[in-house]
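Some structures are shown below for you to check.
Look at the two complexes coming up: subunit A is in both, with subunit B in one and subunit C in the other.
Right, the complex of A and B next:
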């Protein structure tokens, strides 16, 4: 025997092209919606991950633009200013401070990088304090420097892949023509560290001829008042303090415009899909008026007809929604690349995080919106009187 | 004594088209016995389809009474709502029309089983194949309506009307879309259903040959019924 659901399902095959176009509309809205929700979650996760992987919550550096400071820390940069290394020791005396590590960032022009040369970034780090800040670092090969002033380098995963270096190989510091021996290659961290080359602080100071540092990374005690510490640090001469919670807030504000734009696109896509569903189902009802009347002569109650039409809407929305989510998951990587191009700053790691819960939420939204769209056509179909519909045959 | 299954008393149906009043039925009274095959004939606009629609509970009269198997359906001022009319229709009637109204995406078997998705009398499931075989459509059960002829489509429509074992079969111009050979076949099927199964049939037809298959002919003229 045949059930009402089977009847509804088979009805959708009458006008295949129209059904397909409606499905495509729903699918696209579902794709945009799940990607947007995935982006909202993924971006913040990726940013949190990047910030956690810094290993410290506060950064002190020479005065300048705070956005530049954030960019320097997260992506590397040029035009650096310097502070005295002794400042790290005085900061360490503050009761809120658990650990400090001095860092010297240097960028050299490498003519062999890319097609027209590029900047090679080096981090001079203190072997006594820096590894303790990043206990989550794992080495694929080798380990940290054996001597605080050795001519050695530890390469991030991607830096080693790009330069095709193994432990024991030599790398040449561009501009300075100094060779360093690779003693360690890290496993992938999913952060900016993957593209970094770490060198002992003293070695980098010697290579660059600078006895100062660019940055002090500060790890705050667990229950310490970070705001109080920030106030104390602001009193230091010619330095600025960057708190990563502030950096995060600033970046989230910067991308909020992009988020609003994408959200607007998603809302418009849903409205278009909704109109498409109403049009498809209503047309289908109007074309089948006589047939609906005949179903009523067979004993179908208004609710039966309402349910039949509503089931058609449900099938359309569920299939379109699932297909859209499938596409979003399949092309999450491509969406990631696209989003990176339009955003002012994108953290490392996946920007579009779609999980089962998010997929179900999107499906629920699409189906709910679809069912609301199907209300009017279903109600209209339920009200068809058999005699009126039979008379339409002329 | 024959049992009266349908009794109309003074059935009147007035339509309004703008300010114009059209009296399609002007107080028709007649009764139909169980197992009768009654054919309604008459020119276009004579009121035959209006009368059959009222007898088949597809419409409410403007005035008059209708008693169905001893149960009062309309009594002058009392009209039934769509739900109540649907209940009466599915329990008592089977309908066939000039247009077959088969669902093109459903097979012959599924089309015949369609009424059971909304209402089924006990044991009705087994009727689908039995009726299709009885009407000579057993070999076409898995075909789609687009793959069978007009005559076969009307047989499927008849099977669909019979699947819930109705007390009365209402046929409005059942051969209107068929050639004379297929019309004769459908007429014979209806006659056989009436004679062998004792089914009460109320039919509207322009075709005198088809109308004569019934034991009783009622001629409609100007909204009035005349026994022939």
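Right, the complex of A and C next:
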């Protein structure tokens, strides 16, 4: 005997084009919704991952330095501002501070990159304190420097790949023509460290003829009051403090505007899709008045008819929802690429994180809203008077 | 009718399942080897082919074009093993097909090569017969890089074909004929000079495998 579900399927296949168009509408709204929810989660995860991978929560640098650091990457190390290395020791004395590490950023112009030259950036780090800030670093080959003033370098994976370097190979610091031996190549971290060349701080200071530093990385004690520490650091002369929690908040604020806009589009898409559902099911009910009347004369109760019509809605919404989620999952990477092109800043790692829970949540939303949309047509079908309907259509 | 409904359900389930499989295969971390692209393709293509009006790119890798047997063949033709952690079977090579109007006029192809102090990127512009129109070292880290990147050095390679460099041995750095006449403008940078020649031979062998020996000349 044919079941109610099969009858519902059969009814939907009667008007294939109409059903397909409704399905496409539901599918698109489900795609937009799950991608948006996935983006919400993915972006924050990726941002947190990037911030955690920094190894420190606060950075202290000379006033104006962040802007100069950016121009350094574009134009070379001219005009960089420096701070005394002794400042790291005084910051370390603060009770909120767990660890500090001094860093010197330098960039040298390499005329033999491309047609008009390029910049080669180096990070001078203290072998005694920097590795402890990045315990998650894993080496593909070799390890950290053996001596705080050794003529050695550790390369991020992508830097090593671009330069085709292996442990034991030499690299040449452009402009200065200083040779450094590669002693370590890292595994990928998915962060900006992948493209970095690390050199012992003293070595880079010697190469560039500077005895100062550009940055101090600060790791705060677990339960310490970071805001209190920030206030203390702001009192230091000619420095500025960059807090990654502030950076995160600022970025998230910027992103939230875009999120609200996309969410509005998703809501509109869902409303349009649901109007489509009401239209499809209602048309289907109106076209089958005679049939429904006959079913009733054969003993079908209003609740049976209601369930039959509601099942059609359920099938439409479930299929459209699943297909939309499938598309969102399939094209998550493409969405990722698209979002990266649009956003002014995108952290490394996947920006659209769709998992089973999120997929089920989206499906639940689509099905619930769909079933609500199907209430009226189902109620109308349940209320059909058998004789009237048979007479009207006959 | 019942069968048709079942078939439709089956089809839909298959479609969803296939989509999920596709997702799983595309969502795997793609940490493939790095290829060699022009820094500024629009500008570089116009510079290497002044009469060109546009270009199209396609990607080829030994892995996808023939796997291990092709790798062995390429190594044999090159006269050297692929070595290092970056010269691998899955390196994606970018081939630029250059057009003048609708007519294809040549190719540009680059390869990465390990140099003494860093990666060297050697590009060649080839006509449709595989003859070098232009030789260009996009990137090289060396005290003497300016000499090897000098257009005067590059001009020595104009008109060469794979046939001219086929017998060059990248291990000993020796070869007969026109290769023997190639002058190293920086004797101090012999390692990088040899690396550039190895890269050139690898470049031409790969172009022959990916393009010129491909069925009907269509890559």
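Methods note: the second predicted complex is superposed on the first by the 354 of 394 C-alpha atoms of A that agree within 3 Å, B and C clash if a C-alpha of one lies under 4 Å from a C-alpha of the other, contacts with A are read in each partner's own complex, and residues count from 1 in each chain.
Please note the rule applied: a contact is a pair of C-beta atoms (placed from the backbone, for glycine too) under 8 Å apart; a residue touches a chain by one contact, two chains touch by 3 or more.
Since the model is a prediction, treat every value here as computed from it, not as a measurement.
When the shared chain is aligned, subunit C comes close enough to touch A:110, but subunit B does not.
In the superposition on chain A, contact of A:2 is made with both subunit B and subunit C. In the superposed pair of complexes, A:172 makes contact with subunit C only, with no contact to subunit B.
After overlaying the two complexes on the shared chain, residue contacts for A:146 are found with neither subunit B nor subunit C.
Contacts of A:13 after superposition on the shared chain: both subunit B and subunit C are touched.
With both structures placed on the common chain, the touch criterion links A:330 to subunit C but leaves subunit B unconnected.
Once chain A of one complex is fitted onto chain A of the other, the partner contacts of A:340 are absent, as it touches neither subunit B nor subunit C. Applying the stated contact rule after C-alpha superposition, one finds that A:63 touches neither subunit B nor subunit C. Once the two structures are overlaid, the count of subunit A residues touched is higher for C than for its counterpart among subunit B and subunit C.
Residue overlap on subunit A between its contacts with subunit B in one complex and with subunit C in the other: 2, 6, 10, 13. Per the touch definition, subunit A reaches subunit C in the complex via residues 2, 6, 9-10, 13, 110-115, 140-141, 158, 161-166, 169-172, 174, 177, 179, 188, 319, 322-323, 326-327, 329-330, 332-333. Listed in rising order, the residues of subunit A touching subunit B in the complex are 1-4, 6-7, 10-11, 13-14, 290-291, 294-302, 304, 385-387, 390, 393. Those residues of subunit B lying in contact with subunit A across their complex are 53, 58-59, 82-83, 86, 89-90, 93, 95, 97-99, 101, 103-106, 110, 113-119, 125, 128, 160, 164. Taken together, the subunit C residues at the contact with subunit A in this complex read 1-2, 4-5, 8-9, 12, 15-16, 19-20, 22-23, 26-27, 31, 33-34, 39-40, 43-44, 47, 84-87, 112-120, 138-143, 145-146, 149.
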